[in-house]
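After the structure tokens below, expect a handful of questions from me.
By letter and in written order, the chains are A, B, C and D; residue numbering begins at 1 in each of them.
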């Protein structure tokens, strides 16, 4: 590991990723949310690229590109179109208000810090910090999923969670299969998006609001 | 030789109780009548009744079964055997060990069991009343009796009637609270068992009050005679049981000579007479109680006897 | 790498999947499906004869041998069952040939994925395989494309994906823990390496990792409160898939969990994985037991019973110790066989009655004696009554626990009892009483079902020493 | 010896599939029951041989069951005795079923399970390790459950089966815990190992409780009896006989095996538990029975009562054993075990009788019976014998065992511990009470169903039952008499058992002159059933002879007298409930909260006056209803979790994750 600059930059990027997750939490418009997500993916791409540079692991660049192209551009546009096609109403319905959600998020970040900083210093600090941030991104993504009612925002939540994963994976120095994993995840996300769009849900529900999806709950009461 | 002698005495005993029991009943009736300033039937009246009944035809209800005809003999036999095992004027009966006190009680129990069945056999309402009340009374009287047996057995260290009598006669046991409780309870039970006032009135045929009489309502002729005889035997049995347990004086020892035997017989007759008089006085003194007061009466007996036993259990270790 | 039995169990299903995807006509494809499954089974069995050496990616040891053989066996019997089942589905037009083609391809793909997960020596590979298994099952659950089916699939998909994500995070953490010790690169993910060096890993990292893995793979195992996908997926998918889900996929996820449990157990400084597993096991067992009572859909009911038994199994492994581990393995095997057999029966019943609603079926022992008594036998077995195998395992679990942790055993026992009550409450109306619903005979073959029952019965009475030896080795392995 | 017995059991097991194969053919029931009869008879002989010949049978270990343990089977004195009970009952039931089974409408639901059931009961008694024991035990419950729900179209039977299976599994699980405790964490399940291990006082106490709960729930100890009166009557009558007469005894065996044999030296307070339970069970059982008017249910409740009596005997034995009074312990134990034998005999007999009545009339309700003694005199006779025997009346066997129990109670003042000093007399009173009430109850049972006038047409045209059924009943009746008049033989046969369990036995009886039995000492107490029997019969016949010879033997038939107004309608007879009314007034008002609601129409109204009686089963209300309510409530609440939205489920996952992370962080 070369000097502290690299460390600072990686730190900065990872931190900003957390920040962007927070920004996602207080969006109340779907389009805005999508844009923020694009930003999220962008930051991720940057940090992945930086990791690729730091660890001079060329294959990570591929991951970065995937993140950039697929997550920052394709997916948001697809979702954008879906929103238009399915005529989903544009504002996000939250379960808990933005304020509490933010507070919860703070708590989660603190939690992940506490958990991760217990890790002994032998594991190099870069990985340690990265993991702490990644964990908080993951948790924030989950938080997003459970505090939003619209399917789209939940999908976004899931995707940011997954960004956290990729962050962790790339942060893990020399971890094999990172590319495969990121590809696999992109497939997963693609499935979700396609699921929303093609999985015949359109035929049966006039909105992808998950609650409507659940209006029929398996076994009738 | 000894065996032969004992056998003879056993036989004598059996015939004696059979012979004396109607007399006792007659005696009680006579005394009662006198207490009521009536002339009353002669002492031998019960014998006459029995003979007359024996001679009469049996009129059997159409719905009566074979069991109905067998039962009188079973009841009679059971009671007779029981009665003949209670020491009367001479202890150490040959077959006394063949059934201890518990078994004697149980024998009477089986007699009652069959009598209750007889009440149900013809399928009349009165028979039903009789049996159901009889078993209700029995369900309280028998436990009480068993508790009394426990008490006495614990004192005498035996359930063998002759042994108990011998122990009592030896006077090794002074007066004990539980003994007193037991005797009271035993008298109460005996009254109930023999269907005497205040539990039941052998003289009545008033539908709502009768118990024993209602059961045997359908019997006639020799059957009725046997039933009556066995109830008279039962009375005798209880009187002589109480006598030999609580007033064991004068009972001749097995190897006693003729004089002792005479003493024994005389004292026995005296005891019977005393018992009869007491019974008559008691019966004339009080009135019959409602059927559903009976449980309270017998419950009291049960409690007394249980108390007696408990006292023994507790004090036995002191 | 060379083609040996190890790669065989992967290649055969993979090839079959591609082939079946191409071929038309369900009769042919169904047969091919059976053949492929059978060949896989044979190869799996051959693992016992010649043990191929494990490489950096694939591994075979006593632990996964058991799992592989079980998986391939149930996979085979289920394929036999599914042949007749699918035939009927096509007759009544519930499935179109194109979908059947897709179905069979997916079936083999699922087999492939599960085998891969079992033989993977690389935790990353294992993760990928399990994700793949999940996706294939999602597609199959939704195959009827009815309202309920799609919803179940969707639920399964979303929850499954989250689970996958958590599992991945755990995997990454394990790598991070391993890296400083083992060194960068592939070997920090190779199981056989990890297990040897586990003691030196960073405990804190391992702890966090295990939490994520427990929740991630626990979702697949169907532990409460992560179980939500399971009942609906079982209820709405085609019955063969329900059988495979209950009988196999849960086991595969459990297998992953066990691997990591072993890893953690080897590290003295890390938290003991036992208590966590015991707690979740107990919660699942009790919860599922109570959930059995108000079920109206027969398949959903047995899905909950699967949750209950997974709870018991996880509990047993959580307790640890030779006896409990043995019991857990035995219970898992018996449960797979029994539950899949039950689903075979349920599948035929649902086809006979034309519904899955318990209220519309009754008096089966009168109208369809074989099916009815088969179901009774299955419920008796799954309720843990002798002389069938599950009784033995439950006996071992409970008795071995009670001597160590009385209260846990009492809770477990009450769970078992409550479950028994729930199961028989429904069984009474399904199998006995006045017949209800259509009573035509089903022409399906009951062979797979009764084969399973025969095995379970035999195991309950007599266990071949070889099997016992194998199980005992594995139990020792699990510590 | 053990091996031969196992062959027999295997043969029984083999019969089950045979029965399935045969189920179609009409000869099936004949073949199966015939085979069962042969096998069980053979097993009885073997068992008697191994009991008389002071069994020193080594354990047979088969490579079955738990792999590293194997299935241990062994016959010692105790198991030999219970083998006799099981197979004697089994043989009688099979003989009875040879005739009775022909009327079965769905034989294929009975035949396969019947031999398996017999085999299972045999195995319980044979098995010598915890696992085989529990397998056999639960398999016994399972097969009997299948037999209970044989007539599954009747909803009540299904309900009974359900309750039965739940309670049975509950008991098995309790025993399982108990054995787990005795076997220790590394599982020494063989009985020898368990004997060798000496549990601490606390553990032993816990095991005792578990044994009482586990075996007691099977035996029908109050308050765990609830299933028994439901399940026993629901089964076909020969199976009811087995369940009531034999299976409950197998439960007693389980209790005896654990408490007297495996658990080591008892603590004095153990006997308090057992005695109290026994007393309550005896009294409650008979009181419940008195309130019934379903014949088979009444019999089932009497099983509860007799189990109570048996447990009193065992409890006394425990007390004496704990205080090292070996002879007294032997007496009490012998009394209890002898009652086990007796009850198995006459309860089977009574259930057979009930079955014959059920066959002849299709009725179990005594209110619809009556007058059967005219139509089926032989059944009536044997049933009467059974009634006398179970009412503990001399000279039959029921009396002897209760007499022995009383003798044991009379020894108990020497017990040092104060608790027992107060408890034992109370228990004795309860025992006496239950004996008296039992007599009352069987006056009712016999009187209502066999005596009086037929209350329904079916009762009026009943037909005498078939030969083999009668043969079975006569056989058992004869046994009742033999065991009553020659108890010495049986007491001596029990000697090895008591020697094995309480180190000594009662004095040798058969040597005593006149075949009297003398439990302790000649001077103390003795009883001679034979002599009593002879006396009674002699004096009875003498009287009969004399009267018929000397006085009249004429006999006329006429209408019933009935105080001058006999009513032709049989409805005017006493009914079962009216017969029980006085006793209900005495005991029921408190125990059953009995309330009589009489509605008397106003004068002139044509509506009938009716009297309805309400009884509440307090035990059920206090114990079982709350449990059911709780399960209902819990399911209701938890069921919500089936209907959440995906987001809520995710919230659960999220919550779990955060929780676990917090656990780590703290």
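Note that in this section contacts are C-beta pairs under 8 Å (C-beta built on N, C-alpha and C of every residue); 3 or more make two chains touch, one makes a residue touch a chain.
In this text, all values refer to a predicted model and were calculated from it rather than measured experimentally.
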Shared interface partners, meaning chains that touch chain C and chain D: A
Chain separated most widely from chain C, comparing mean CA positions: B
Pair of chains joined by the greatest number of C-beta pairs in contact: B-D
Rounded Å distance between chain A and chain C, as computed from the means of their C-alpha atoms: 31
Mean-CA-position distance for chain D and chain A (Å): 69
Intercentroid distance (Cα basis), chain C paired with chain B, Å: 78
Centre-of-Cα separation between chain B and chain A, whole angstrom: 100
Per-residue overlap in chain D, given as positions that touch at least 2 other chains: 642, 644, 646, 650, 653, 657, 661, 664
Multi-chain contact residues (two or more partners), chain A: 115, 118, 142, 145, 154, 213-214, 218-219
Two or more partner chains touched - positions in chain C: 154-155, 158, 162, 208, 231
Chains touching one another, given as label pairs in label order: A-C, A-D, B-D, C-D
Sites on chain D touched by chain B in the complex: 370-371, 373-374, 377, 380, 384, 388, 391-394, 399, 403, 406-407, 409-410, 412-414, 416, 421-422, 424-426, 428-429, 432-433, 435-437, 439-440, 442-444, 446-448, 451-453, 514, 516, 522-528, 531-532, 535-541, 543-544, 547, 550-552, 554-563, 566-567, 570, 572-574, 578-583, 585-586
Of all residues in chain D, those that touch chain C in their complex: 63-68, 130-131, 134-136, 138-139, 142, 149, 152-153, 155, 158, 161-162, 165-166, 169-170, 173, 176-177, 179-181, 183-187, 189, 631-632, 634-636, 638-639, 641-642, 644, 646, 649-650, 652-653, 655-657, 660-661, 664
Residues of chain C defined as touching chain A within the complex: 122, 124-125, 127-128, 131, 135, 142, 145, 147-148, 150-155, 157-158, 161-162, 164-165, 168-169, 172-173, 175-177, 179-180, 184-186, 188-189, 202, 204-205, 208, 231-232, 235-236, 295-297, 300
Touching residues on chain C, where the partner in the complex is chain D: 154-155, 158-159, 162-163, 166, 207-208, 211-212, 214-215, 219, 225-226, 228-229, 231, 271, 276, 287, 290-291, 293-294, 321, 323, 365, 380, 383, 385-387, 391-392, 395-396, 398-404, 406, 409-410, 413, 416-418, 420-421, 424-425, 428, 432-434, 460-463, 465, 468
Contact footprint of chain A on chain D as seen in their complex: 642-647, 650-651, 653-654, 657-658, 661-662, 664-665
